[in-house]
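Before anything else, here's the structure in question.
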Amino acid sequence: MFATALRSLRIIEVSAHCDLPCGVYDPAQARIEAESIKAIDKKVADSDDPDFRVRAAIIKEQRSELVKHHLWVLWTDYFKPPHFEKFPELHSLINEATKLAGASGTKGSFDESVADELLAKIDRVAEIFAETKKA
Amino acid sequence: MFATALRSLRIIEVSAHCDLPCGVYDPAQARIEAESIKAIDKKVADSDDPDFRVRAAIIKEQRSELVKHHLWVLWTDYFKPPHFEKFPELHSLINEATKLAGASGTKGSFDESVADELLAKIDRVAEIFAETKKA
Amino acid sequence: MFATALRSLRIIEVSAHCDLPCGVYDPAQARIEAESIKAIDKKVADSDDPDFRVRAAIIKEQRSELVKHHLWVLWTDYFKPPHFEKFPELHSLINEATKLAGASGTKGSFDESVADELLAKIDRVAEIFAETKKA
Amino acid sequence: MFATALRSLRIIEVSAHCDLPCGVYDPAQARIEAESIKAIDKKVADSDDPDFRVRAAIIKEQRSELVKHHLWVLWTDYFKPPHFEKFPELHSLINEATKLAGASGTKGSFDESVADELLAKIDRVAEIFAETKKA
Amino acid sequence: MFATALRSLRIIEVSAHCDLPCGVYDPAQARIEAESIKAIDKKVADSDDPDFRVRAAIIKEQRSELVKHHLWVLWTDYFKPPHFEKFPELHSLINEATKLAGASGTKGSFDESVADELLAKIDRVAEIFAETKKA
Amino acid sequence: MFATALRSLRIIEVSAHCDLPCGVYDPAQARIEAESIKAIDKKVADSDDPDFRVRAAIIKEQRSELVKHHLWVLWTDYFKPPHFEKFPELHSLINEATKLAGASGTKGSFDESVADELLAKIDRVAEIFAETKKA
């Protein structure tokens, strides 16, 4: 089901870039980094090398920054007042997603369920993004 | 006189940080960069050297990125759900401020009035920030 | 036709992340930035504001760096010796793509055809990437 | 009370920038990051989660880089030969402050007293900075 | 003696740049960062402070990124098709060097022998680079 | 001949690093970036393409930042109080060099003589650096 949503989103995107006057945006950028966070969590769960855990923490911190950055760019540069009116949840949704990206280190550290929550929120952003492209 | 203001600001900040569980935040960071944007606009208005104009554009672009970054960090890391409830304008306010930071290059390029609008929004964020510290 | 290739690539990717021991990679990251370069070229062609042209050059320079970075990461971190053996063109292909990303500023500056060449090379990288995922 | 101090600080700053030919500088930028280092030290002292300690080290390393950067910019871009003549301690002062920023990781790692020394040096830089503004 | 070597190196470099249409490149940039990695490995081997080990991992990760970046720039911006023809090993050599730079964290973590392998590959790149300068 | 100079430089460097407790430093890093600035100035003088001039300004700005950064790192991390005592010019020398790196954009923009002054100062830093290695 996720794959389906993703696929329909992509088609619209590709056609959308052609007539876009204001740049190229894609929630996939945030998602790829968030998937990386989840993959790191998984690998840390399977490892008991403390040096690996440290290195994973460093890389995960960078990935979290990138998730936040990509979502912030969507929030500031792509979404416009009419979008926020039509989707009243949008401000909170992106705010919570960026908080989760940052939190994926703090609480529960390498807890995969935080990454899952983050991915779910990014998927909801992607759905809204796809809606705004249709209009 | 500056030194006095600085010192009193510091004392309040330091006491505020003591009971803070989540780090050190300060809207002054965004404001300093926004003042830099305004100063660049002023200097470009007074110059007719095209190379200077290009260099100003490069530096202004970096300053804009920093304004956006500092505001994004406040929005994601400092402000919490109760703040957004108490100040319903907060999401839009920060969103518009970051849009202005980005726009200060696009429309009107070196138009100081855009920098003034940006500074006014940052000052409103700083007021709300100060309110939340009192609580 | 491109949309089809893209779509099949995506499906494999999503399933691939699950069993991936070594991280999350996606040629889409390079493509999104390259599309941005092409969009910038288009907008510059439609504008005669010299300040806009300067700003476009600054942003395009950053996008070019990102295209190069995403391709370099694929080349170094994702592709392994067996891939280079199976696809003898792969070294040159990615090398030429990164050269085009850099060159998209130097020669022809805002010439869209350079961006098109770059996009074609990234699409070929994506096809090979999809092939390696199937194996 | 905070809002008042903030507002009076602003007014002086703004007037100071008006006659400045070379941009906007503020030792507060270094101080905010240094306070963050001290806050991190405090939080690490109160925690016994090893993952938290690693994450704190990563963030502290970034904050240290920012302290150094802000001080270097003041040293290179703001302070001029007459300042170094009038305040013969200035070179050493900033050099020692940046060394402390870097050292706050090496020796004593999460030792708050290093952060305190750093803050004291930054405050002395701010005093000299304020002196040069009066002239 | 160091000064002499440095000076003779400089002269050759400077003369090389004069007829260069495409900028200034130097494999020494990658080497300096790789030596830093080796030095970090050495210091970690001599220390049993866990905080120091974490800090070393953070800095080493940055150094690794820089090694990769400097090699990527040589590969994309300096080396041209005739070079790849004349030195058929060049693609693999740089690819392996960048893989080693990245791997110097993953496998064996602070294992100096990985840094030695990396340095040997960078020296071979430098030899080829010197060959191309002679032509 | 280049290879020989390179190799002898390397040997000295390597031996120098062995007794270094604090990392790997090399004034060559600043010099390479400064040579790049000079090369850019030269190429701009030979070109009358305004887009090329803009792109050159962007890249030169980045190079200037790197020159400053490498010199700042030497000043803060490599040089110690005894060095500043033995070479009383050292603070001013590095301060002036970083000022020149920044100024190479402001005054005279693409004026090669500014790059030459910068290179001369970096060479003097390198001489002092070599002196401190002998001790």
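In this document, chain identifiers A, B, C, D, E and F correspond to the written order of the chains, with residue numbering beginning at 1 in each.
Rule of thumb we're sticking to: a contact is a pair of C-beta atoms (placed from the backbone, for glycine too) under 8 Å apart; a residue touches a chain by one contact, two chains touch by 3 or more.
Because the structure is a prediction, the values reported are computed rather than measured.
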| item | value |
| --- | --- |
| Each chain counted as touching chain A and chain C at once | B, E |
| Chain at maximum distance from chain F, centres defined as averaged CA atoms | A |
| Same-residue or different-residue interface between chain A and chain D, half as cut-off | different |
| CA centroid of chain A to CA centroid of chain B, Å | 25 |
| Inter-chain centre distance, chain E versus chain F - centres from mean C-alpha coordinates, in Å | 19 |
| Residues of chain D engaged with two or more neighbouring chains | 54, 58 |
| Chain contact topology (line, ring, star, complete or other) | other |
| Inter-chain touch pairs (all) | A-B, A-C, A-D, A-E, B-C, B-D, B-F, C-E, C-F, D-E, D-F, E-F |
| Parts of chain D lying in touch with chain F, wherever the complex brings them together | 68, 72, 75-77, 84, 91-92, 95, 98-99, 102 |
| Residue ranges of chain A touching chain D (in the complex, touch as defined) | 53-54, 57-58, 61, 105-106, 109-110 |
| Interface residues, chain E side, partner chain F - complex | 1-3, 5-6, 8-10, 12-14, 16-17, 20-21, 23-24, 26, 28-29, 31-32, 35-36, 39-40, 43, 123, 126-127, 130, 133-134 |
| List of chain A residues in touch with chain E within their complex | 49, 51-52, 54-55, 58-59 |
